[in-house]
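Heads up, the next two complexes both have subunit A, just with different partners, subunit B and then subunit C.
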Partner chain A sequence: MTIATPAQRWPVRAGPYLGPILALVIWELGARALSDAFVLAAPSAILIYLSDNAALMARALGVTLGNAAAGFVIGNLAAIALATLAVVWPRSDAMVRGLALLVFCLPLVATGPILRVVFGPGPWPQIVLAALAVYYTTLIPLLVGLRALPTGWLDLVRSYGRGRMAALIHVRAMAALPYLVAGLQIAAPAAFLGAMVGEFTGAERGMGVLTIRAMRGMNVEMTWALASVATAVAVLGYLAIGWIARLFMADEPPVILAAPAEGGRKGSRAFLTVLAVAAAMIAIWWGGLRLLNLSPFFAKGPWDVFEALFLAPDAAATRSTLANAMRETGVFLLPGYVAGLAAGAVLAMLVVLFPAISGTAMPVAIALRSVPIITTAPLVVLILGRGALGTVVLVAIMVFFPTFVACLHGLRQAPGRVMDVMRSYAASPWQVLLRVRIPAMLPAFFAAARMNVPASVLAVTVVEWLATGNGIGSVMALSASLSDYDMLWSSVALVCVLSAMGYACVGLLERRVLAAYAPEQLA
Partner chain B sequence: MSAAVICTDLSKTFKGGVEAVAPTSLTFAAGQTTALVGPSGCGKSTLLRMIAGLEQPSAGQITIGGQPPEETLRKANLSVAFQDPSLLPWRSVRKNIELALDLARRPKKDDDIDQLIRLVGLDGFAETRPAELSGGMRQRAAIARALSTKPDLLLLDEPFGAVDELTRQQLANDLPGIWEARGATTILVTHSVSEAVMLSDRIIVLSPRPARIVEDIAVDLPRPRSSDQARRPEFGAIVDQVFAALAHGMAETLPKAAQ
Partner chain C sequence: MTAKPVINRRHLLVTGAGAMGAGILGLSPRHAFAQSQVSLQLSWLHSTQFAGSYIALDRGWWAEGGLEVSLLQGGPNAPVEPPVVSGTALVGISAADYTAAAVAEGAPFKIIGVAMQNNPFAITSLTENPVNVPSDLEGKRIGMALANTPVLQALCTLNDVDFDAIEIVPTQYSPQPLVAGEVDCLLSWETDLPVALTIQGVDNTTMLLADHGYAVHSQTYIVTEDSLANRRDDIVALMAGEVRGWDAYREDTDAATDLTLAMFPDAGLDLETQRLQAARQVPLMFSDLTDANGFGWWTDETVAANIETLALLDRTVTPDLWDRSILEEVHGS
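And now, the complex of A and B:
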């Protein structure tokens, strides 16, 4: 008989809470032990700070939440509109994706000051940055969801003589709803992150402004308190959307992490698409400036950037400044990126090998993924200093969580039948991992690797901007404060293009690797 | 009202070069039930989808009641029931039927829908979602949906395909009477020979891919037919004739394929 006595049941029930409680205790003790080092604030100190400064914090939080909410709505509406366009008019799909990716690759920290001069004072730069931070992570799952349905459903619509609009309204919209929710869940914390990054770059009020103030003043409690509040808000936002969705949806939202690998388009076709997207982007850039009728002093068009980079008397100097800065940035970015990917994949595999932990690991990891890592940048700087290590670690952490969640999900996707066959041959867990699970994981891993290119660029530029004074982030900060708009726009364009190229390179690598190791995943 | 379907030199070659339907001329008489029988993968569904306007023919023509299929589609005057019932999972049986009426721009009359649901034997399941129905019940719902718009042309692609043999027999027993009563021109794709003989006025036997007509067999058995009839010699004779035609089609194609 296996009837659990109350004494046996107790640790089982307390299980999920034991970890966090232990962590809090260690945190508290550690902070007290290190109280002279001025890096770590104890949970108790954070609570005391928060209660002493409740009014200040609440005001800042209110401002940032308001901006984040506005950006959330705008960004997601834009994503829904774009996804709808791509589905109703399939020819626009490549263009929509391409432009969306380029905009997603804009370095937010440098876009902030540009938006500031465009919009002037007020909340709009933060709102636009929040919108920019969310639309892509909604657009991609939505595009998948609007298409991931049995062809029979679409045949049904067509067999009654109805077209794409009817299919969209009656079939696709509902079918895509869980995917939309998955996107919105990621978008909630991302909007908060975008609003804070906007506030970093010259707002008057909000959590981002307080964060800068705390860092400048070396105020350890305040820095930790702000990061804790931002983390709590992000996780709550993530959970709240899941909860609301569950009220009117039967199924769990799917975990969609990134666009599936592009179908093998012919080389020349792909090249033409890239050309068309680039041309459209330049046209939009040029036309947008014209339309807004902005002062040419700070509103630099494509031609101005080309001139600054290639024709102006100091073009060579500008180019070498940018190249040096990019090199400095690359030195931090690449190791952090690779380390984050590796750590995410390896940890996910370990978790799967020890099923006992994997049950709790997934929800925790999903919640942690929604933490706006950037808001903890000041903490990393506090702990690891303004040197290379802090930057690399921050990039790695930024990359780690999405990769971990994606890989864990991918590893679990291994088809049950194949697993049964392996088990019937008494295959060891290692063999199952190597032969079945890892091939099943690869698409998710690469999807995360692609999406993490812009994310890691954001991380590195924010640390450089806020703290280290190195690399392209610092060039951006400097040129923003010196009103060197040629340099600012040039660096934005350069980083955007390089990020998009990085994304494309990972995509190429993805197709090569999948073709070699998991051809069934390429279908 | 029902309409004759006339296919003239109809053929289909898919983009990858797969020839699914060889040039075929064929008339489906108005108000009759015609069964298309052929080995799996021979192009039956492709033929049906071309008639439904879901697939463009590579060559040849189709008219439905003297008009091109687009016209029939525009008037939402045909219904297709697929092997996979293709019910929307977030809609109840009733709502799935209402969807067809919405798509076809027909009025939604509650009484008619209730009656239809009763007729297909789903009484009491109107508000149930597909996930909670058995495979056979889903097929019933799909048939009810196809009939709800009162089409002149009913296209059934293995409508009892995705269920076990017992359920299949039960469906084949219960449902055909309902659509026969409507008098629509019915094209039924099946790979079950006895089902074809039981349900149709005429059987077209198709060769392996690309589909050609091997034999055109009239089924002159009295209606309504019951499972008792299946034991009669006339019935058995037609079944044998269909099997012989299928074998003939195979034999003709196989040596060619071996070359």
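And now, the complex of A and C:
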């Protein structure tokens, strides 16, 4: 496809290796320069640690990887089942999206201890947290992909007298494959991270347990050895999924021609949907607590939260605590979210324009996402200070990777025939990017923007909990340790409601843009 | 280091022989009685912090009392109170301030034993810029988890130190900012961050809060009122094992450390760190009071001091939060 001139050949061949080698050298030198600060271990020191403790690391990796893999499979199967339900039975679509969003918003600080009480000792809390970490980022691209097809194809299925199931199997499933791959690739590091954080709930062994130990013991080599292994595993998972996917996806993406959408939903119907989702969520919340027979001491129901927020004598104080915390969090969250989205989209475009940089960009991008945030936080804080900037950057890092992967897949969804036309007119790469690739990317970009709303909230609360100690993440951790479960559940409810509102805002913007560029998504 | 997850009895014979009465070792009493299954919820990851319990488990002292005990590990996202309230764990390891908070929220807890007579909170500073007495804190930057702000406030009130003259930096749970010069001192447990610093070769000075009026029982054993009424025999048997285990721990902390590492080869424990932690824990757990009355003991006076300090932490409690009847049965007094 690409015809390299002799002058281009060298960078094309060496390019993929040059970046990583340079990065390693900078890392080694940087670590040596910072050796007194106890934040960064050199690659050489990490290798020595790994070879000295190979057996310990291998056992921990085996445990965490097993839990992550189980969570990965369960979470992604759940996502595929939910997406199928939403497409085969379109009436359930809004309910599926709404409930999936709200469940994804539940903070780890709150769900971890409850899962531990429900499941007792053993791997299930870790597996469930890994599954919870992945299902949503697969569901959203998949819902986009199941609609990313020319309406003519569906008409064809219908003209043969076949129904929705046939359309799903023969047409939609194939169209969704690239989007599913994007979802699975995003899920690989997320599952591993979910399993590690799940170990914070009192697991006996695994990489997460060792990470806590290493951080508290100021054992920098061990910390970074763990982070390096976690990263390597995530990168391998990402690449393996991509490799398997390429075996199945040979065809060039089709041109998607669809009639412009008719003006979106009526306001009253959207309002009813929101009410229905809220009612369903409250019913599940209340019913779930009943079903699991959890103690009212720590399992607070919808009524307890309402009482704590509006009726209790200290309700005003509770509300103002929450409001202040949310304000602190918002200052970090919004800039981090926007910066992460922008960085992800721009890097994806750069990779498409200059394929040579992908050898460096991809591993760095995956590494940034999969290095446990608790390991990178001290380094980021050291470099950027303990102020807002450090937290903003950490949030941006968490948002960046799903956006980058989704946009990269989106950019590659540029229809083959349109690309041929552009090529035959000798259009420059910039023109191709601007007129074909970016419009093709928009559905994926907005899917990323939506799924990153709760993801960024999760990121900011984890950073606040483990590193900076302010905002809503700190309020949640503090109220859990002081048994103030009314406050904890109120925070959780508030975070869920605000995330859903943020999601709805992005959705509104998306409908406007996609009505022009990808109307098939709105059908 | 042995990598076997199962404890080798011969290994323990060698490492722990000096520490214990030899009579018990030959026997394998674990299945001699009808076993009642109970769980003990620990407050943190497995380490020598709980080595007394490991000794009791390993030597079969609980099995002798008819108990099959599971030790449930804690962690950063594993509060102790929910499993105890919900009955997953019969007994939990908490601290008087956390227990007081939970009781205020309606949890029916009683404290039935006090493992740490002296509160383990300490202020750690670099030896070249030390904090030796509370008044040294004025004008200093202190790194700590924001959750512990009330602890610092209480210390200041107890010692007439100007709280506003201290700058709090939310470093949460890492000792690294002290080494990096970001803060002048850290608030943490004496057996935690300062041990890590010492092992890493950083000269440090610690000031124990308990030496400056901060009286809060720590590593306390908590049970629900319901368990106390209905599962009394199990609780007595569990605490009897704990008392024997911790007395054996005190005899030889190095042997206790070896046992900890042998029992939890996957925990990533460092021998030197654990030995130092085990040794530093002894003066926190044992005092003239326990020498006279036995492990876990308290008196009306120590409870009164606790209530006073807890009031500074905005916790109002009454002496009936503590219930000594189990210990009295164990120690036969």
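A few comments on the model shown:
Here, the second predicted complex is superposed on the first by the 336 of 523 C-alpha atoms of A that agree within 3 Å, B and C clash if a C-alpha of one lies under 4 Å from a C-alpha of the other, contacts with A are read in each partner's own complex, and residues count from 1 in each chain.
One rule holds for everything that comes next: contacts are C-beta pairs under 8 Å (C-beta built on N, C-alpha and C of every residue); 3 or more make two chains touch, one makes a residue touch a chain.
Treat the numbers as computed from the prediction; the structure is a model and nothing was measured.
In the superposition on chain A, contact is made by A:Met174 with subunit B only, not with subunit C. In the superposed model, A:Leu47 lies in contact with neither subunit B nor subunit C. By the document's definition of touching, of the two partners only subunit C reaches A:Ala60; subunit B does not.
In the superposed model, A:Val274 makes contact with neither subunit B nor subunit C. Contacts of A:Pro150 after superposition on the shared chain: subunit B is touched, whereas subunit C is not.
Taking subunit B and subunit C in turn and counting the residues of subunit A each one touches, the greater count comes from C. In the superposition on chain A, contact of A:Phe200 is made with subunit C only, not with subunit B.
By the touch criterion stated above, A:Ala342 is placed in contact with neither subunit B nor subunit C. Counting contacts as defined above, no subunit A residue meets subunit B in one complex and subunit C in the other.
The touching residues of subunit C, when paired with subunit A in their complex, are 3, 45-46, 70, 72-79, 81-83, 85-86, 88, 98, 101-102, 104-107, 145-147, 169-176, 179-180, 182, 192-193, 196-197, 199-200, 265-270, 273. Here subunit A touches subunit C in the complex through residues 36-39, 55-56, 59-60, 63, 108-109, 112-114, 116-117, 120-121, 197, 199-205, 209-210, 212-219, 222, 294-295, 297-298, 378, 382, 386, 466-470, 474, 477-478, 480-486, going by the rule given at the top. Put simply, subunit B touches subunit A in their complex at residues 49, 52-54, 72-76, 78-80, 82, 84, 86, 88, 90, 99-100, 102-104, 149. Residues 150, 152-153, 155-162, 166, 170-171, 174, 250 of subunit A are the ones that touch subunit B when the two sit in their complex.
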